[in-house]
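In the two complexes that follow, chain A is the common piece, with chain B as its partner first and chain C second.
Moving on to the complex of A and B:
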C-alpha cells in the first residue's frame, strides 16, 4: 500500500496544494539529467521527504526524473493531472448525467482517486493499484483537515493563489499523520 | 447487470464503432461521440505520462458512481472501450471476446477499409449474439 502524491485544485482550476511521498526519494539518486529540486525553497529532510514548510510551495524548477522522455516539473505534472481529471469528469457527466461523478481510474502502475466538493474544490490522490476506493478518505481530508485548519483559519485568505493559506502547519501535520495511518 | 455500451477507437483516436446494448448511458449525437473518443484518446496518452512510477501504460479501468469503463488497447493501438454496470464481473473475458470478434468479422472482411468506421453486418450480428444473453 503506497501513496504517491496528493493534490488540491481550487475552483479557478489552479493547483493550490501539492504533496508527494515515496517517489522523489526513490528516483532522485538515479537522476542524471536536469536540475534537481534542492535549490528551490523546498528543503528535503534526511529521508528524502519534503519538510512540511516546503511541500506546499509550487515550484517550477523541480524535476521528476522518473519519466524516460520528458522532465516534467511538479507543477507541470499537476497541470496534466488537472487536465485528466477535468476531462474524465466531463466525460462521465456527459455520458450519464450531471448527478453522476467520476470516482477513480487505474492504469497498470498506479491508481488515481478523485473527490470533488460542491464548491468545485477538487482533491486528487495517487496511490498504487492495490488500494481500495479512497473517496471516503479524501472526503475526510476535506472535512476534518481542510475545513478545520484552512477554512476556519481566521488568517487564511478566501482564495489561495499560489497555495498561500493552505500551507498551514496544522494542516500539513494532520495530513501527513492521516496518510501515514492509511499506508500502514 | 450488463454491458451498457461498446466503443472502438482506431489508433488515431477516431471513433470507428459505437453501439449501446442497454439503458443506462445517455444517447449522444454522433458528433459528441467523436469528441468523446478524441478526448479519451488524449487522456489515455496523458495518464501514462503522469505516472509516479516508471513503466506505466495508459488508463485501464475508470469508475464512476453509475458505471465502470474498461479500456483495452491492442498492440496496434486500437482501443476497445467497454462501459458496464459498476459490479459487472469478468469484463476482461468480454473484452477479449469482443477483440476476437473484431479480428474475425472486421479484419477478415475483405471489403473493410482499415481505420475506417466499421460497417460489417456479421460483426454486428455476432457481437449482439454474444452480449445479449449476458444481460
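Moving on to the complex of A and C:
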C-alpha cells in the first residue's frame, strides 16, 4: 500500500498544496532515472503556477529542475490532475445530476481518490491500485487538519494564492503522520 | 430535507461536537467591540454598521468551513432548505438559538429570520443620543456572517436587519435575499 501524492485545489482552480511521498516512477514506467526508493517530499512553492508559459511539456522551473525522461514538473502534474478531476466531475454531474460526484478512478498503474467540499475545495490523493477507497481519509484530512490548522489559523489568509498559508507546520506534521498510519 | 430533520441534526451536533463557552463572555466581548467601534467612528452609526458587517463577512468566510466540517452537510437543494439549515443548524450550533424562518416571497428567494432571543444583545441598551435608536443595527455582524458563509457555498445574498427589539420594535427581524448563484470558476486557459 503506497501513497504517492496529495493535492488541494481551491475554488479558484488554483493548486494550493502539493505533497509527494515517493518518486512516482512506479506509475510512469517510461522514466528511468531519478533518485529512487527514497522519501522525497516536494512541497509547493508559490512561483510559476499561474504564469501561462508555453507548452506544458517543455516548461521547467526553478522549484523543480527538469526531470529526466521527459517527466513533467510537479506543477504541471498538478495542472493535469486538476484538468482530469475537473472534467470528470462535470461529466459525472451532467450524467446523473448535480448531487453526484465521482469518487475515484483507477488506471493500470495508479488510483486517484477524490473528495470535494461544498465550498469547492478539491482534495486529491494518488495511490497504488490496491488501495481501498480513501474518500473517508480525504474527508478526515479536510475536517481534522485543513479546517483545524489552516482555516482556523488566524494568521493564515482566507484565500491561499500561491499556496500561501496552507503549508503550516502543524498541517504538514499532521498530514505526514496521518498518511503514515494509512500506509502501514 | 425537512425542518424536523434539520432541527434534529442541529441538536445532535450542538450536543456532541461543539465546545461551549460562557454566553456572557460572548455577549460582553461583542458588546465591547461595538462600543469601541462607536467610539472610533465618533458616533457615525452608519459606518459602525458597515464595519460590523465587514467583520462578520470575514468571519463567515472561515466559519462555513468549520460548519461543514462539524455538521458534514452536503449541498442544499434549494434556497428553502438553505434557510432551514441556517436557522436550525447554523444558528443552533454556533449560538444555540433557532431563529424562525418566515415571510417567504412567492419566488422563494427572500425570507426573514426572526430572533426570539439574541445572545449578542443581552444586557444591551442603545445610547440615548437620539440617533442610535434609528441608525445603529447592533447585531449587524450576523448579516455579514451570513453573507460571507453563503458566498463560499456559491450563493450571493443580501442580508440586513429590518427591525430590532433594541430599537423598540416588537421583534428582531433579518431579511435575507438570494441575489444569484455563483457559477463555478473555470480554470485559466492554456494559451
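Going forward, the second predicted complex is superposed on the first by the 139 of 184 C-alpha atoms of A that agree within 3 Å, B and C clash if a C-alpha of one lies under 4 Å from a C-alpha of the other, contacts with A are read in each partner's own complex, and residues count from 1 in each chain.
In this text, contacts are C-beta pairs under 8 Å (C-beta built on N, C-alpha and C of every residue); 3 or more make two chains touch, one makes a residue touch a chain.
For clarity, every value in this text was computed on a predicted model and none was experimentally measured.
*Asks:* Looking at the superposed three-chain arrangement on chain A, would you call chain B and chain C a clash or a fit?
*Replies:* Aligned on chain A, chain C fits beside chain B.
*Asks:* Who does A:142 touch here: chain B (first), chain C (second), both, or neither?
*Replies:* second
*Asks:* Once the two complexes are aligned on chain A, which partner has more residues of chain A within touching range, chain B or chain C?
*Replies:* B
*Asks:* In the superposed arrangement, does A:105 touch chain B (first), chain C (second), both or neither?
*Replies:* A:105: touches chain B, not chain C.
*Asks:* Quick one: classify A:11 as touching chain B (first), chain C (second), both or neither.
*Replies:* Once the two structures are laid over each other on A, A:11 reaches chain C alone.
*Asks:* Is A:117 touching the first partner chain B, the second partner chain C, both, or neither of them?
*Replies:* In the superposition, A:117 touches chain C alone.
*Asks:* Between chain B (first) and chain C (second), which does A:151 come into contact with in this model arrangement: first, second, both, or neither?
*Replies:* A:151 contacts chain C only, not chain B.
*Asks:* Report for A:83: first if it touches chain B alone, second if chain C alone, otherwise both or neither.
*Replies:* Touch status of A:83: both partners.
*Asks:* After the two structures are laid over each other on chain A, how near do the C-alpha atoms of chain B and chain C get, in Å?
*Replies:* 14
*Asks:* So chain A touches chain B in one structure and chain C in the other; where do those two contact lists coincide?
*Replies:* Dual-contact residues (chain A): 83.
*Asks:* Which of the residues in chain B end up touching chain A in this complex?
*Replies:* Listed in rising order, the residues are 24-26, 28, 32, 36, 39-40, 42-43, 46-67, 83.
*Asks:* Going by the contact rule at the top, pick out the chain A residues touching chain C in the complex.
*Replies:* Residue list for chain A touching chain C: 11-13, 50, 52, 56, 82-83, 86, 98-99, 117-120, 142-143, 146-147, 151-152, 158.
*Asks:* Which of the residues in chain A end up touching chain B in this complex?
*Replies:* Touch residues, chain A against chain B: 4-5, 20, 22-23, 27, 66-68, 70, 72, 77, 80-81, 83-84, 87-88, 90-92, 94-97, 100-110, 112, 126, 128, 133.
*Asks:* What part of chain C is in contact with chain A in the complex they form?
*Replies:* 58, 61-62, 64-66, 68-69, 73-75, 152-154, 184-191
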